[in-house]
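Next come the structures, one after another.
Across the two complexes that follow, chain A remains constant while its partner is chain B and subsequently chain C.
Let's look at the complex of A and B:
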C-alpha cells in the first residue's frame, strides 16, 4: 500500500508539472474576441482540474457514506471523511484561484458571480460537515450522521448550481454539449493537468485513509495497554 | 395501524401540545414582527421596497422556521418523548412524516398571519397571480420542513444541539431560498412573458427539491433517528 501511494504521488506530481510546462510553454496564448492575448487564461489549466477533482471527491464522499450505511464497516466512514476533506481543500483552491482570476480579469477581488457563489455555498455546506463531526462523541452516531450529511450535501450541490443559474452569468464556458472550444495543444495541456490532479488526489485520499486507520489502531493500543 | 393513522397521531400529538403551551407559534410570530421592525430600520429611508420585498420575506421565514424546527425536537428530547416514540410500534419514516407535517402546519399558520401583516405594514401589493403566490410559498415551506426536520433530528443528538442547526440548515436550504426569492419577487412585481421565465424555472426547481429531499429523507431517516 505504501509503495503504491508513493508511486501515485510521484506519477501525479510529474503529470501536474508536465501539465504546467505544457500550459506555459506549448499551449498558445488565448485570444479574446478583440484579438487581445489574455495571459490570465493560463490559470484555466489549474483552476478547472482542481474544481472537477473537488466535485468528484464530494461525490465519492457520498458514495462511501452510502456504503457505510449499508455495510456499517468503519472503513467506509474513514474513506468518506478522507474524500470530503480532499474535496474541501481542493474547493478552497478553486475559490482561491477563482479570486486571483477575477482580480486579473475584472479588477476586483470578489464578485457575486454565479459559479463563485455556488462554490462559496458549497464550501459553507461542507464546513458544516466538519462542525457536525466534531460535535458528536459516540463513534457510531458520528459515522451515521456524517454519512447521511455527506449524501444530502452531495445531492444538494447540483441543485445549488442550478439555482444560481437562475441569475445570468458572465463565467466563461469552455465545455458545452458541442464539445471543447479550444486548440489541440491547449486540450492536451488541460488533459495532462486533469489526469495529474486525479492521480495526485487519489494518492492523498489513500494517504489520509491510512493515517486514520493508524490513528484508530493507536487508540485501540492505548486503551489496551495504557491503562 | 396503517401509515396514515400513525402519521395523523403524531401530528395530533404535536398540535395538542402546541395548543396547550402556545410557545412555538407565538414566539415565531413575535420573531417575524421583530424582523419586520429591523427591516423598517434598515430600509425605511428607501420608502418603496417592492423590488426586493420577496427576498426580505424569505429571510424572515427562513430564520423563523429555524426557531420552530429546533423547538419541535428539543421538546421530544428533553422530556424523553423521542424514546417513547421509538418504542411505540410506529415505522420510523412515519415519525419523520408526522414531525415534518406538524412543522409544516405551524410554519404555514405563522405565515398566514405574517404575509398579510407584511403587505400591510410595507404598503405592498401582489401584482401577479395570488394562487400561484400561495403555491410557491407552500412548495418552499414543504422544502424547508423536509430538510429542516431531517437536520434538526441530527442536530438535537449532537453536543452543540440547537447551535448546529443553522450551520447545516442554511447552506443546505440555499437552492430553496434562491428559488423562493426569485418566484415571489417575480409574482409580487407582476412580471409577465419573458420576464417571468426565471420564475418558471424556479418553481420547477422548488418541485424537484421537494420531491428529491422527501425521498431522500424517507430513505435516510432510519439512520438518523437512532439504532
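Let's look at the complex of A and C:
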C-alpha cells in the first residue's frame, strides 16, 4: 500500500507541476470586458481543482458513511473520516485561494455573495463533524453518529456547487451547460491540474485511512493486553 | 490589477496550497511512522510476555 501511495503522490505532484507550467507558460492571460489583462485569474488553475476535489471528498465521505450504516464494517467509518478530513483540508485551501482572489479582483477580502457564503456554511458544518467525533467516546456510537452527520452535511455540497448557477452572483461561472468558457490551452492547463489534484487527493485519502487503521489496531492491542 | 500588483496574491495563493498539501503529507507520514513504531514495540513486548 505504501508503494501505491508514494506512486500516486509522485504522479499527482508531477501532474500538478505540469498544470502549473501550462497555466503560466502556455495558457494566455485572461482579459476582462474592458480588455484589461487579469493576472490574478491564474489562481483559477488550482482554486477550482481544490474546490471540486473538496466537494467530491465530502460526497465520498457521505457514501462511505452510508456504507458503514449498512455494513457496520469499521473500515467504512475510517474511509468516511479520511474523506471528510481531506475534504476539509482542501476546503481550507479553497477559502485561502478564494479570499486572495476576491481581494485581488474585487478589492475586498470578503463579500457575502452566494458561493462564498454557501461554502463558508459548508465548512462550518464540517467543522462540526470533528467536534462531534471528538465529543463521543463510545466507538460504535461515534462511528454511527459521524456517518449520519456526514450524510446530512453532504447535502450542502451540491447546493454550494449550484449556488452561483441558480442565484445571481458576481462569482464567475466558467463551466455551464453550454460548455467551458475558455480557450483550449487554458482548458488543457485546467484539466491537467484537475487530474493531478484528484490523484494527489486519492493518495492522501489512502494515507489517512492507513493511519486510522494502524491507530485502531494499536488501541485494540492496548485495550486487549492492558498496554 | 496588472501583473506587478497581482503577483504577490498569485504567489501567496500557490505557496499556501503547496505548503498545506506537502505539510499534510509530512504530518500524516510522521504520525503513521510513530504509530507503526509503537505497534512494533507493543508486539515485541507481547511476544516476550507470552514466552514467559
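Convention: the second predicted complex is superposed on the first by the 212 of 227 C-alpha atoms of A that agree within 3 Å, B and C clash if a C-alpha of one lies under 4 Å from a C-alpha of the other, contacts with A are read in each partner's own complex, and residues count from 1 in each chain.
Criterion: a residue touches a chain if its C-beta (ideal position, glycine included) is under 8 Å from a C-beta of that chain, and two chains touch if they have at least 3 such contacts.
Since we're looking at a predicted model, the values are computed, not measured.
Shared-chain residue A:92: touches chain C; no touch with chain B. Judged by the touch definition given at the top, the superposed model places A:141 against chain B, while chain C stays out of reach. Once chain A of one complex is fitted onto chain A of the other, the partner contacts of A:155 are limited to chain B, with no touch recorded for chain C. In the superposition on chain A, no contact is made by A:11 with either chain B or chain C.
Look at A:69: by the touch rule set out above, it reaches chain B but stays clear of chain C. In the superposition on chain A, A:163 makes contact with chain B only, not with chain C.
Residue overlap on chain A between its contacts with chain B in one complex and with chain C in the other: absent. Residues of chain A touching chain B in their complex: 69, 121, 124-125, 127-128, 131-132, 135-137, 140-141, 144-145, 147-149, 151-153, 155-156, 159-160, 162-164, 166-167. Chain B contributes residues 147, 150-151, 154-155, 157-160, 164, 167-168, 170-172, 174-176, 178-179, 182, 198, 201-202, 205, 208-209, 212-213, 216, 220, 223-224, 227 to its touches with chain A in the complex. Against chain C, in their complex, chain A makes its touches with residues 9, 20, 37-40, 42-43, 46-47, 50, 89, 92-93, 96-97, 100-101, 103-105, 200, 204, 207-208, 210-211, 214-215, 217-218, 221-222, 225, 227. Per the touch definition, chain C reaches chain A in the complex via residues 1-3, 6-7, 9-10, 12-14, 16-17, 20-21, 24-25, 28-29, 31-32, 35-36, 38-39, 42-43, 45-46, 49.
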